[in-house]
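Structures given as structure tokens follow.
Each of the next two complexes has subunit A plus one more chain, namely subunit B in the first and subunit C in the second.
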Partner chain A sequence: MSEQLSYLGVPLARPKVGFFELSSCEGCQLQLLNNEATLLDFLNLVEIVNFREGMSERADTYDIAFVEGSVTRKDEITRLTEIRRNAKILVALGSCACFGGVNQLKNRFRDLEWVKKEVYGDFPIETMEVHPLADFVQVDLSIFGCPIKKEEVERIVTDLVVGKTVRHPEYPVCMECKANENICLFELGEPCLGPVTRAGCDAWCPSNRRGCWGCRGPAETANLTELEKIMHTYGFDSETILDRLECFGGFASFADTLRPKNIAELSSLPAQTKLIPSGCKKVPARRKKP
Partner chain B sequence: MKLSCEVNVHHLTRVEGHGNIQISIKNGVVKKAQWEVVETPRFFEAMLVGKHWENAPYICGRICGICSIGHTLASIRAVENAFGITPTTQTANLRLLLKHMETLQSHILHLYFLAAPDFLGAGSVLPLATTHPEVVQRALRLKLLANDACDIIGGRRLHPTRTVVGGFTMLPEKGELEKIRQRLLASVPDLLASAELFKTFAIPDFSRETEFVSLKGDTSYPFIGGGLVSTDGVVKKEDQYRAMTNEYCTQGFTSKLSKLSRRSFAVGALARLNNNFPLLHPTAREISEFLGLVPVNHNPYMGNVAQLVECVQVVLDSMRLIDTLLGSPWQEPRQQVQAKKGEGVGAVEVPRGILYHYYKFDTDGKVIKADCVIPTSQNHANILHDIEALAGQYAKTGKQDREIELLAEMLVRAYDPCISCSVH
Partner chain C sequence: MIFKVFKNQELARLHELLAVNIVVGPVAKGNDRNGKPLYDFDVVYDFNELALDYTQTVHSPKRFVLPYQETLSTFAVNRKDWEKHVDFNVYRPLVFFGMHACDINALNKLDLVLAQSTYPNPYYMGKRKNLFIIGIDCKPEPQCFCRSMGTDSAIHGFDVFLTDLGGKYFAEILSATAFDLLGQISCQDPSAKDLALYKQATNGKNKHYTAQVETSDLTKILDLEFESPAWDYWGEKCLSCGTCANVCPTCYCYGVEEHVDLDLQHASKTKSLHSCNLIDFAKVAGGHNFRPTSASRLKYRYYHKHRGFVEAFEESLCVGCGRCGTACLADITPPEVIASVRGKE
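For the complex of A and B:
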């Protein structure tokens, strides 16, 4: 388990690694225990000092902190700030940490009190608007996906350990889907965000004949106006496009521009559940990128 | 003799989500015995309001990272029940097979990675890779098999891609199913070795009379849909789930809690087994008896053993399902879906117990109301009362703080709680 590793003849130090979770399904951490065939090798690459879901021992200093989940309560800001202070490198693990993930779907309601009442009635419960990690702390590296892809995490962690620059693909999922020789889902009548979503998942969903919902956020050159046109050409309405673009938070600002058109269509909802029209949404004070 | 004890576990480890245990014993009297759930809520039921029906399984599967397949299937069942869709036999068999493989994956993860370290005196599975390599390798083999099967049937082991309302987006290759069948057969010795291993574990001697709630099987051990039953004699239909769960909120829990005939009840592998023991495969039943588990068993620590028995059950039943699927040509993977106004309930036995999804749709098939009742939220009150009883049982025995702490931790882990799921 602890044999000395080396890269290009240079001995490698095993970085101390901690895994942490804020509001999430903890599925991304679970993914780390998947890929059983390479699990023991992967674990040998690092020294895990904090992994509450898997081990009892805990430590307060670590080189790399992987943080899963989004911020939805004030005490999570405190925990996140502490983790940031203890870590040399902070990695946002998965779509919730990177963009807010599915959790941020609750932000589309104007009235947070209604959201609380809908689930808990009159029982007092604390929550706030959902934020990605980068709204509060410096994030050094993002690992996209809902869920994250273990093979990609292995590659990224290996790059980190050997000191290589970590690069994400700039092109969209569409490229990987074509390389996999799939029939285009548009031709099969299925809406898909493959043309605009950042690659790196090897077209995981489209290869299973499931349209892409954009969990990895936008590719570097995403042309969203053109996507909207394509989707309309294939007969998909604005609501179908919005459902996908707003699902994980990666396309939040563009999704906001689609939203007003939908309010009228949602007339069956009680008045307080009206979706937030663009321009009215409170924009949180985003931390300036260093 | 030591008659006082202070246990304060903040964010219990080796469970999914965030919970705290506090026990205070003074001069042999329990002053405090508390199970707290401090997980942040995510408000899935509100998120869905106004969303088109096809969003429901996609979003709700993400309530849980471990039993995402179960959530997806419960959600699909609720939508199909609301729209009056009956899945084809092929779809039903594939879904059950997928469900079985999730059960196997989740139970093996819990038994070997989360529970076994306590019995082997380790803090995690990591040192076991050195001290008990054959145990870890066996766990990885079983987990890999289950995960590979989930990939082949559901498209992905976590947050499945192929499962949709009406069926599947695509079907597995028959050759792949054939290979899974061979691997399932080859896994039987690993399961028997697991039973031998768990036979050597000292299961704490603790028992508290409990009401157990689960699906009630008619002709087979139940996993997807059907009647609801409790060991206290309550019988309800699937769509009467609210009368079975009676959810309420209370201080100290960000999750809702449940009760039925008593102050609390339990769901999970032990509840399923207690209510459906005669429906187990004869081999699974034999292993259950070998491990000293015969219904009705009221020792919550036996939840671990019940999970192991279910591993045998799902492996044997999966081979039967694959034989059936391979015995006829593939039909259409997916039926047409016609949305309509109405409401539907989907009850599915996920690894940690019975799960309910409920949706009400308007005429356009948009969600007006959503409700999800999670197994672990149904268990929380029972865990609390178990901890109270456990503290009472050991208050006058002079045990060290660390011993009582470990017993309490193991008790909570035996429920395999999915706390983030319970506070969805």
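For the complex of A and C:
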């Protein structure tokens, strides 16, 4: 471990890294630990000084901080600010950190008190609207996905250590889906966000015959207007489109424009078929910058 | 050309003789949401898996000679030096059992660029030279416009081409390997009746084309219509997802990336097929993008197929299989795009 890292005779610094989590399932960090085959090589490349899920030691002397999770409590803002202060590079790890992730589903409801009651009952805790990291601190690098793909993280970390530019695919998942020789899920009658979601996952879900839910957020050229038309052509209603677009938060701003249309659609249905539970007001809730 | 006929049941015997090799052919892949059967090329282990009456495969046979992803070279890195290993990724010959004329012509077009140019591509050549191709006749589908592109019949690029005469196959033999092979099954010379049936089959097929592309003066019209608003119309619909290029039997554009392994002791160079419709396709060092709009990217795909390639090789790079239009979720099809540029509704 103490041997000097080098590539082609060029000495390389072994960065000190820390892994942290805010509101999340910690599944992204688990993904890294899961990769037994390459774990030793990974540990050789970086010096981990802080990783609650993997070790007991703690230190605040890290160069790169990987932060998983979204910000849902005030104390998390303080913690995040502190991590930002200590780190040279702050990496948003996974969809929660990048866009709010599954957590931000609660932002769909205007009445957060009702949400809190549904979830915590008589034992309320202090929570607020869900925010991605970038709402509070500067994020230097985003690693997308729910969960992250470990091969991608390993590639990014290698690029960081060697000094290569870290690049993300800018095109959508369809590209990788076709390269996996899949038959388009739309043709098989399933909705999919592949045409608008950023690639890089190697079409993980569609290759397993599951339509994409957009966990990696929008591709650089996400043609959402056309996707909406396609969804309707293939017989999917606004509710289905919204369900997918709202799931991970990457498409929040477009979902905001669709929601009023959906409410109009729902309110034209006969009363007994309305799906909105009482107490839950499903109205546009644009996220506020603190 | 040598012509023979043989009974349909002899085909299983032909397969048996060839099955010492890897055999690839059209197989059924279930039905789409409307109950229409889907087909794709796949490795076939049993003659009964072959769906020789297939309509069209979702993907083209391109990937067997031009894989979507291919490792071009690997590097073993030591302290100050490295060792390069090159593998053309050709291990065994491949038998294509049942390829339509459009796809055979597509391989011929790929040859023009990748095999017959000044710098032949050894990765492509190695695979291409090791193919044994059995062509088979087809029934035109609504998306097929091969007749407009002059690719509805295959003149070369196969070993033997079969036409179903009902109970019998009419075989055009093009290679010595195919001649020797057919010598091992029960074959006859075609009778006058067989010839009549063959002509009938060909004439019957020609009546079924519905889609078409008007190619007269197309290179000139494309030149003149560079600023046509039609490009913006289709560009607005385009998802920039690259599906058209990925299902296309002739799109060969690619990108190359180098990866350093996690252990810093190995590296590799990988080629991935790209599409000119992708936003990062024309992005260069420094971040400038030569084709930032989807309209310009879509336009250049058509220019490459129907203008640039024609000027370089006197034939189009499109074989009119119609796969791109079928696969496009936004319903962008070559017959419609070209008609709109030509000013036809």
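The rule is short, and it goes like this: the second predicted complex is superposed on the first by the 257 of 290 C-alpha atoms of A that agree within 3 Å, B and C clash if a C-alpha of one lies under 4 Å from a C-alpha of the other, contacts with A are read in each partner's own complex, and residues count from 1 in each chain.
As a working rule, contacts are C-beta pairs under 8 Å (C-beta built on N, C-alpha and C of every residue); 3 or more make two chains touch, one makes a residue touch a chain.
In this text, all values refer to a predicted model and were calculated from it rather than measured experimentally.
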Is A:166 in contact with subunit B, with subunit C, with both, or with neither (first, second, both, neither)?
neither
Tell me the contact category for A:127 with respect to subunit B and subunit C: first, second, both or neither.
first
Tell me which partner A:41 touches in the superposition: subunit B (first), subunit C (second), both or neither.
second
Contacts of A:178 with subunit B and subunit C, given as first, second, both or neither
second
Where does A:89 make contact in the superposed view: on subunit B (first), on subunit C (second), on both, or on neither?
neither
Greater residue coverage of subunit A in the superposed arrangement, subunit B or subunit C:
B
Overlap of the subunit B and subunit C interfaces on subunit A comprises residues none
Within their complex, state which residues of subunit A touch subunit C.
5-9, 12, 38, 41-42, 44-45, 154-155, 157-159, 161-162, 164, 169-172, 174-175, 178-181, 183-184, 186-189, 194-196, 219-221, 223, 226-227, 229-230, 234
State the interface residues of subunit C toward subunit A in the complex, per the touch definition above.
29-30, 32-33, 38, 40, 58-59, 63, 68-69, 77, 79-82, 236-243, 246-247, 259-264, 272-273, 275, 278-280, 283, 294, 327, 329-330
Tell me, which parts of subunit B touch subunit A in their complex?
11, 13-17, 40-47, 49-52, 54-55, 58-59, 62-66, 68, 109, 113-114, 117, 123-126, 129-130, 136, 140-141, 143-144, 147, 155-159, 161-162, 164, 169-170, 249, 254, 256, 362, 364, 366, 368, 420-421
In the complex of these two chains, what residues of subunit A are touching subunit B?
1, 21-31, 33-34, 36-37, 39-40, 43, 48, 51-58, 72-73, 76, 101-103, 105-106, 109, 114-116, 118-121, 123, 125, 127, 146-147, 204-205, 208-210, 213, 239-240, 243, 247, 266, 268-269, 273, 275
